[in-house]
Each structure stands twice: as structure tokens, then as C-alpha cells.
Amino acid sequence: MDTLELLRINLLSPAVLAFVLGIVATLVRSDLKIPDALYTTLSIYLLLAIGLKGGAALAQTPLAEFWKPALATLVLSVLTPLLSYVTLRRLGRFDVVNAAAIAAHYGSVSAVTFIAASTFVQAAQQPAEGYMPTLVALLEVPAIVIALLIARRSLGQGSLGEAVREIFAGKSVLLLMGGSVIGYLSGPEGLKQVAAVFVDPFRGVLVLFLLELGMVAAKRLRDLRKVGPFLIGFGLLMPLVQGALGVGLGSLAGMSVGGAMVLGTMAASASYIAAPAAVRIALPQANPSYYLTASLGITFPFNLTLGIPLYFALSRWLHGGS
Amino acid sequence: MDTLELLRINLLSPAVLAFVLGIVATLVRSDLKIPDALYTTLSIYLLLAIGLKGGAALAQTPLAEFWKPALATLVLSVLTPLLSYVTLRRLGRFDVVNAAAIAAHYGSVSAVTFIAASTFVQAAQQPAEGYMPTLVALLEVPAIVIALLIARRSLGQGSLGEAVREIFAGKSVLLLMGGSVIGYLSGPEGLKQVAAVFVDPFRGVLVLFLLELGMVAAKRLRDLRKVGPFLIGFGLLMPLVQGALGVGLGSLAGMSVGGAMVLGTMAASASYIAAPAAVRIALPQANPSYYLTASLGITFPFNLTLGIPLYFALSRWLHGGS
Amino acid sequence: MDTLELLRINLLSPAVLAFVLGIVATLVRSDLKIPDALYTTLSIYLLLAIGLKGGAALAQTPLAEFWKPALATLVLSVLTPLLSYVTLRRLGRFDVVNAAAIAAHYGSVSAVTFIAASTFVQAAQQPAEGYMPTLVALLEVPAIVIALLIARRSLGQGSLGEAVREIFAGKSVLLLMGGSVIGYLSGPEGLKQVAAVFVDPFRGVLVLFLLELGMVAAKRLRDLRKVGPFLIGFGLLMPLVQGALGVGLGSLAGMSVGGAMVLGTMAASASYIAAPAAVRIALPQANPSYYLTASLGITFPFNLTLGIPLYFALSRWLHGGS
Amino acid sequence: MALVSLKLVTIIAEAYLEERLVREIKQLGAKGYTITSARGEGSRGVRASEWEGNNIRLETIASPAVAEKILQRLAEIYFANYAVIAYVENVEVMRGDKYT
Amino acid sequence: MALVSLKLVTIIAEAYLEERLVREIKQLGAKGYTITSARGEGSRGVRASEWEGNNIRLETIASPAVAEKILQRLAEIYFANYAVIAYVENVEVMRGDKYT
Amino acid sequence: MALVSLKLVTIIAEAYLEERLVREIKQLGAKGYTITSARGEGSRGVRASEWEGNNIRLETIASPAVAEKILQRLAEIYFANYAVIAYVENVEVMRGDKYT
């Protein structure tokens, strides 16, 4: 399968097409609305399911196999927010607060992009390692904390303590980590009991979720003019840089083609779940137009459509594939 | 299996019994309430699932096999609203606006009745053709447009343009057609990925949906007195006429026993999803008591309980069965 | 498997761990909230599913096998509320109204505890009889009525008639009994059609439900001080007494290890669905702090964690097991 | 534009009372009402179980006489045993005859 | 604290009209609005299907002139064909310039 | 019927602030509150992500003094950085001592 074929498969997957349908719905001003309760339910479901699966897999992973990828992830969690911050300050001339806020988003992980990548490698017969969801938590949390630390250092104020508490108690991280612990403790046996809800329907649920995200992303696109050309470029190029970094480090850490690719996608993706909540508390002065439009309006669609096949091609190439 | 046995099977299916439970809940003034968000979620789910399955099936159907049923459907989409309109004007002495509003409902399709019919023929080991859901969209849209055109011609005013845009952008048609396109483009492979959500649970979800519809229909029944005996008779007899027409045309077009029966049921059914929305815009003066009570309070329960086995018996008979 | 091992299995099941996660979420003041619509949906789902399965199983159970367990259940439905009432009046010095209100809760059944017990015996390879859900309805309704009758006799007033109507029309009993009738009429064949929704995902759905219940129970715990030490002791010891009674009567009635244990758990559990609604109408003067904190804050977590393995050990012992 | 001055009565009560309250206010002469789902806290701590829902916020526009009767009824029957509060405001409406 | 007196217009209408009403009030000069989902009953019995949602309760704080224009427009276009009611109250706000 | 005149403060804010606002108004002397979920638009265009919810509409009936303190606090801490508006009305309640 060459890269073009991969691209075709990705673009014609039900999930990506549902995202497009969501965009279309907004553009034709349809009265379609996903109920808030459904959106919240799907989010809870996805985070808990990611956690459960990761935890159950971790229970079966020998530490010898896990520590290198874990280390690679921690390195990414330090590098990527710093990289974003410096780029935004130096090249983009953003002020401290907004640069840090955006960096928190690009350092952490988009859960839906992560799932889309996992689904993709599975469809491509190159499934990622089972413990990947654990890496999501490992990348997510430190990246946000570091971005907030930078802002605090520069501003010399702010309630970092509360922000960190809030990140851990925040529903995203709580569900992700809680799910991991449940999965770990109850093990593969426990997971089997709940597979009919938390494993099998996973991809189908993603379709509903992406329908909604398409609608939200399309609304964000209306703000494109407000954010300026630099941030648009940033939203398209930074994922490529961070993605390559992630795929490279993952490969170095001995991960499989699929695993390194998913790690790369995680690095390339920008959070719009945990990060906005944390930024809202620690940096309320930051402008949501910037960080939400960049992460949800630009980077998310880019990764979902073009990024995923690209990172996969890169991972295959690094692993000596065609 | 004779017709009585078919009737028994239909009446004792979980879906029909759930409908009855919904009616009972309303009659005994239970405090049971289906949350709005659940109702909306189920509707989105059913429409998207119908579309997905139809699209995926269409991707595998040769045009040679499809064009005749498609033509039969288009003929129905012109005939049935005209028939309803003329009957209501001539025999029922309805004014133009209300006659056209009701005709729009009886021309278009009730998604839930369609699903119940598909489930029934499957249980009777006579499954309908896979492309049926595509026919739903083909019947739905023109029928509404024609009914509105009639009203406009007679009234010499109104914003038909906007009404047509609204029908296409309306969530029902958008999900149905969007789902079909997704199903078509991602094909049977794509459908398989999401089958655990959009295929397997289909009938079970229908149970929940019919529980709610039972409650709504029972509330509508309270308006029976307001709509008068003519509309009650119309709601019981018109489905028979249109159903027979549909089964006949479907059989002529070479469809199977199950397929012709489902087409007949589609013709016999009255929309309460897409049509009310369209009528609301193009004919706001029309009285909802008429069109909702007739379609949801009378025709829907009739089709669900007695109509479905009848149309099936007719289809078998036309195909030379017992 | 010894009792400790059973305890370990129970405590490390995904369901119990999800309950703990819910408690943790409340303790760390997470912003996690289960949407009301989801909570209601899950409740509707669980009650309907319990009913459907019970009804379908009953359709296959010969009366000869069923009447003894049914009788045992009816005996329990009279004994347990009386026992609670007398204990609360004599030992606890509660007034008539509050004693009767609490007795109504401890007489009836907690649906979620019932499901957790059924899941547990299944995991322990000792599944309960299929007709168990029917027994839930048989235990639930008379127990509440009796408790309310007591209060009425003592108070010499109140609208018992309306309270009884309300219990039957109340959504919990309506869904449970309605589901049973649907399951009975459509039989195992009908159940198979909807199994993908009402059977397979059952345990997974329980995880979501218990996540929410953990959050609610943790909030109730804040009221612990208000209810006083007697009620705390009552909430911990009464389940043991009623549970032993239930296991004993079930074993006498010839039920299996799993069946007697589930009946015991039903007797031990305290309702927080049907009973609060009924009490609210018949005894509006009763203080919800008492009955909700005891049933949801104390007895529910106790049964879920320690009670279930204990009742199982007892049932095995009564059946001559290790 | 002919604006008419009327009373807006807002009742906040446990969801569980919805049907009863609607019946009562209709009997007392209210010609319509609007309900939104709400949650809240007051002097009564706990509430009935989640399964019975949270609070409702019921609004009805009515003549001063009807408004007074509604408040009276609430005071007589509901205030003692249920979590219910109510308040009244003056509002200006169009088509005043619609509400009386 | 400088409180400014303004008008609060509340419109209760079928959910289906949400987008249109928002467009209209913005055109007439409203600087913001808040919507809650509602249900209710009035003189028109039935409503469009459930699938189209129930009622909405739309609030907007505006100057007396804009409030009057909004009521006028409702009376002209909506009152005849749709289930809509509206009422006006006086409210005190901070940062009064935000609303005009 | 003894109706007492009090202040009704309505705060519309991002859902995300719910817990904090409730804590604040209790500290300032509010004896209860009612919240409904809302959505809306004002001068701040975008809002935090959907996952954090939309707006809330928080109502509290309080004495004029407490009402003023609440507005003051909002002005000091929230108006600059968050999407929040607030307004005050006069309402008549029964059992006036319940609110003060």
C-alpha cells in the first residue's frame, strides 16, 4: 500500500466522512444539533474506554518493554510545549499569556485524534502496542503543567497549585487515569466483561463524535480571519514537526510501525478537552479565539485527514518499509 | 405461515409491545419520561444508520438492478401526495393549506415504520433488498416538495425556495442522505467497522424508540375529537390504498416479496419527522392538530400493528405465494 | 475459591471499581458530571432490560419450578419491612412516619445491587435462575405497600389508594413489569432480536451507572452526621439479617447456590428508585435525609463491596459447599 | 403598542411535583405556563433521588387575582412538606386578554 | 456601583424558531441574548413534532427603544402563525453600555 | 398574605464557573439559589470548549444588601476575564425570612 492509497483509505473511512458531514451540516445551516448530553456522554465514554483498554493492556506488559516508550513520551511532553512556546513568542510575536496557552494545547493530546490514529493502524494491519492509552495520560499531564509553569515564571503570579489540582481532578484526566486504574486492576478478564460496551462499539461511537466535532470545527473556521495567517501556518506546520519528532522518538524506543505512528500523532495533535479547562483557570486572560481555533479549527482537521497517513508513511519508512 | 400467524408474530414482537407499553404509560399517567436528549439521539442514530446501510448496499448494487425500483419509487412520490390532496379537498372539504400540509405528510415516509417493516420481513425470512434505505430518500423528498408546490400554486405565494432548501438542510434528510453517501463511499468494509453500533443494536434501539412513540401517540389520541371522523377514516384507509399501490408497483419493478412489501409500507406510512419541519416553514398557517394527529395518532399505530402483516400478505399473494 | 478470593474478585470487578472512581471524583471535587439525561436513560435501560430477561426466562419456566421461589419472595416482602419497622421504632426510637419510610426502602429492592449480584454469580460460574427478575417485581411492590399501610394505620390518614396507584404507574415498576410482560409475550425469540442492546452490553452499562452512583453516594455521605449512629449501624447490620433470611428462604425453596444468593441480596438491598417516589407521595412529612442516606450512602456501598461475597459464601455453605 | 401590566408568578419546586402543580394552577385560572429544568439549593438539604429529577422552574403569567390565589394555595398545601419557593413580579405583555 | 435601568424582554417560542428569532433581534439592535430550553402549554394545543424540540425561552437585555422594536416585530410577524409569547420587565444592570 | 419585597439577582455565566459562583454567593450571604442550563451570545465571541458546557443562569433571591455585595464581587473579579453578566429585579416573596 503506498501513501496515496493510505490517504484514500483514511479519507473514505466512516469517521472522517462523518466529520465532513458535520462540516457540511454547519455550512448549509442545517438545524441538526447534537444534544449536549450526548456530546458529554460520548466524551465520558471515549475517555473511560481509552483508559480501560490501556490499563488492561498495561497489566500484561512487562516493565522491560514499557519503560523506553514511556521515557520517549516524557521527553515529548517536555519538548513539544517548549517548542511551541518558543516558536509562538519568537516567530509569531505572541504575548506570554497567549503563547503559553497555545503551547499547553499543542503539548497535550487530542483524544479523538489519538483514537482515529489507533483505528487507522488497526485497519492497516499494523496495530499499535496495547499500552498506548497509558502514554496518552503520560503525555497529556506534564505538557500542560510545563506550559503553565512557563507562563507563571514570566508573569510571576497565578495559582499554579490550583491549576495542577484542577488538571488532575479535571474530568478528562480523571476519567483517563481512573479508567486506566480500573483496567489495570480488573485486568483483561475484567475488560472482557465490559467489552460489548467499551471495546466493540468504539469505532461506531467515534462516527457520532466526529459528526459533532465537524460541526464545532466548522463554526471555529468562522474565526479564522481573527487569528491571523501566522497561527494558521503554525496550526498546519507544527503538527508535522511534532509528529515527526514523535514518530522518530517512538521508533528509537523500539516501538512498532503502528505504535511509533500513534505516538507521533499524539505529539502532533492539540488538545481541546483537558487543555482548555486548565488554561481557563491558570490563564483566564488568554484569548480562546486563538487556542481553540488553532487546535480545533486547523490542526484537528489537518491531522485527521492528511496528518494520519503521513505519519504512518513516515513510520513505515523509518522502520525500513516501502 | 398464514396472515393470522404473521399478525401474531408482528403484534408480539418486542418493538410493537414496547409501543403498547408507551401507550399504557400515558393512559395510567405514569411519570415515565424519555429524556429529550435520548429521543433526539435515537432519531439521529436511526436516520444515520438507515443511510449508512443503504449506501453500503448501493455500492454493491448494479445499476441494472436498481433503476426500476428507483423509478417505481419516484412514481409513488408523485402519485401519493396528489392522491391525498385530491381526496382531502374533494371528499374531506379541507381548505388548500391543510389539505396540502396533510398530503405532504402522507406522501413522505415514516422512518420508524420503514424500520419496523424491514425488521418484520427479516424475521419472516424474506429480507428486502439492501438498497431500500436509498429509496426512502427518493420517496421522501419529492413527495414533500410536490405537496408544497400544490399549496403554492393555489395560494399564489409563499417561499418555496426556502422550504426546499430547508428540506435538504433539515436534519432528517441531511442525516439520511449524508449517511447514504458515507455508506456508499466507505462501502461494506467501512460499514463493518461500525457495525457494532449501526447494525447489530438496530432492533433493540427500535424498542426504546417505540416506547417513546407510544407515549407521544397516546397523547395525540386525546386530540382525536378535534380532527373529526373524516380524518380518522382517511388515516385508516389511505394507508391501505397507498400501501397496495406501493406493493403493486414494487412487484412490477421486479422487487422481491420483502422488497415490494417494504416499498408498500413506505408509501403507506406518513412522515412525522421531515414533513412537519417543512410544512412549518412553507405553510405555517396549517393546523398541526390535523397533520400530527392523523399521521402519528392514527396511521402510525395502524401500520405498525395491522398494516405491516397485511402488506406482507398482499406482496406474497402478488408474487404467487400462499 | 474461598471467601477472601471471592471478595477480591468482587472488589476488583470493573463495576465496583467504577463506583470507587465515582466516590473519588466527588472527594477530589472533580468537575465530572453525568448528564441527567444519561442517568435517566441508564435507569430506563436497566429496568427494561431486567424485565425483558426475566419475562423471557419465565416463558420457559414450568410453574412447578417457579411457585416455591415465588412464595419465598412473597414471605420476604412481608417480613422484611415489618422487621425494619419494628427495629426502627423499638430500638431506634424513630417516629412512625420516618420508621415506615425507611422500612419501605429496606423492604424493596435496589435494582443496581440486584444486577451486581447477578453479574457476580455469573462470573463465579454459579448463575442464578433466569426468572430472578420476576422476583424483583414480586418483592418490590408488596414491601412498599406494607410499609405504607403500617404508617397509615398508625396515623389514621393519608391517601393510600393514590400511593398504590402511583407505585404501579411509577416509572420503575412500570418498566420492570412492562419489560417482563414484553419479555414473556415475545419469548426467547423476541429477546434474541434485541439482545445486542438489552443483553450483551448489560455489564458495561452497569459500569457507567455505578460511576454515577458513586458520585451520588459520596455526596450522601456528607449527611452521615445528620442521621446519627443508630441509623448507620442499622444500614450495616440490617442487610446482613435480611440477606441471611433471603438466602435461607431461597435455599429452602430449592433455589440454586446462585439463585438463593441473589434472592438474599435482593432482600438485603434497599431501594432508592421505586421507594423514594412512593414515600414522597404517601408520607411527604418523612425526612429524605434519613431514608436516602441510609439506603444509598450506607447500605448500597456495603452490599456492593462486602455483602455480595458474604451472601455468596453463606449460600454455598447452606448448599453444602466449602 | 398596547402593553398590559400583569403578574408573573415563578414557582421553583422539586421536579416530582410538576404534574400536580400544573393541574393546580390551571384550576386556579392560569391560562398557560412555561417550565424549565433547574437545580438548586435552599433550606432543605437533600431532595428525592436523582431518578425523580431535580427541580423545575415554572412560570405563569396571570392576572393579579389568579396570581394571589396561586400563592395562597402554595402556602396552604406545599410549603410545609415540599421543597418549593415562589415569587411574583410585574411584567408588561402584549395581547393581555390571552392571559386572563 | 452604577446600576443602569434597562428592559429585559423574554420571548417564549417553539424551539423551531430559535435561529430566526436570534437573527431578528440582532438586526433590531440586541447586543446579546440568553436561551434556555423550556416546555409549556398555552392557547395553541399541539406543537410541531418532538423531533423539532419543545419551546425556548429567549431573554435579551436591551434599551427601551430596542425592546419596543422587538415586541413590534413579534406582533407583526409571529403572533398570528406561531406559538409565541413575550413580556417585558425593568431590570438594573452593571456596565449599562454593554447592552446598547 | 404577607408578601415581602426582595431582590432577585440573575447571573449568566460560563458553565465552567458554576461551582465558584455558588461558593461566592453563599459566602456573601445568599441562602439559596436556582440554576438552569443556558446558551447565549454576547460581546465575547467564542467560549471554552463544548466539553466544559455552555452557560448557566443562576438566580438568587436575597436582601438588597446581599444583592449589592454579589454584584460588587462580580464586578471586581469576574467581569474582566470571564463571560459573565448580571442583573437585578424587585420580586415579592412569601415567607420573607427564608431569604435573609
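General remarks:
All chains are identified by letter, namely A, B, C, D, E and F, in their written order; residue positions are counted from 1 within each chain.
Simple rule for what comes next: a contact is a pair of C-beta atoms (placed from the backbone, for glycine too) under 8 Å apart; a residue touches a chain by one contact, two chains touch by 3 or more.
Keep in mind that this is a model prediction, so the values were computed, not measured.
Two chain pairs, B-C and C-D, are compared here, and B-C has more C-beta pairs in contact (counted per touch definition above). The chain with its Cα centroid farthest from the Cα centroid of subunit F is B.
Here the CA centre of subunit C is 47 Å from the CA centre of subunit E.
Look at where the CA atoms of subunit D average out and do the same for subunit E: the two points lie 20 Å apart. Subunit B and subunit E have CA centres that are 35 Å apart. Residues of subunit F in contact with at least two other chains: 16, 36-37, 52, 89.
The set of subunit C residues that touch two or more partner chains comprises 29, 31, 35-37, 40, 171, 277. Of all residues in subunit D, those touching subunit E in their complex are 1, 3, 6, 8, 22, 31-37, 61, 89-95, 98. The touching residues of subunit C, counted against subunit B in their complex, run 35-37, 40-41, 44-45, 48, 52, 165, 168-171, 174-175, 178, 181-183, 185-187, 190-191, 193-198, 277.
By the touch criterion given at the top, residues 12-14, 17-18, 21, 24-25, 28-38, 119, 123, 200-205, 207-208, 211 of subunit C touch subunit A in their complex.
Those residues of subunit C that touch subunit D in the complex are listed here as 36, 39-40, 43, 171-172, 212, 216, 220, 223, 226, 272-273, 276-277, 280, 284-285, 288-289, 292-293, 296. Taken together, the subunit F residues at the contact with subunit E in this complex read 10, 12, 36-43, 55, 57, 68, 71-72, 74-75, 79, 85-89.
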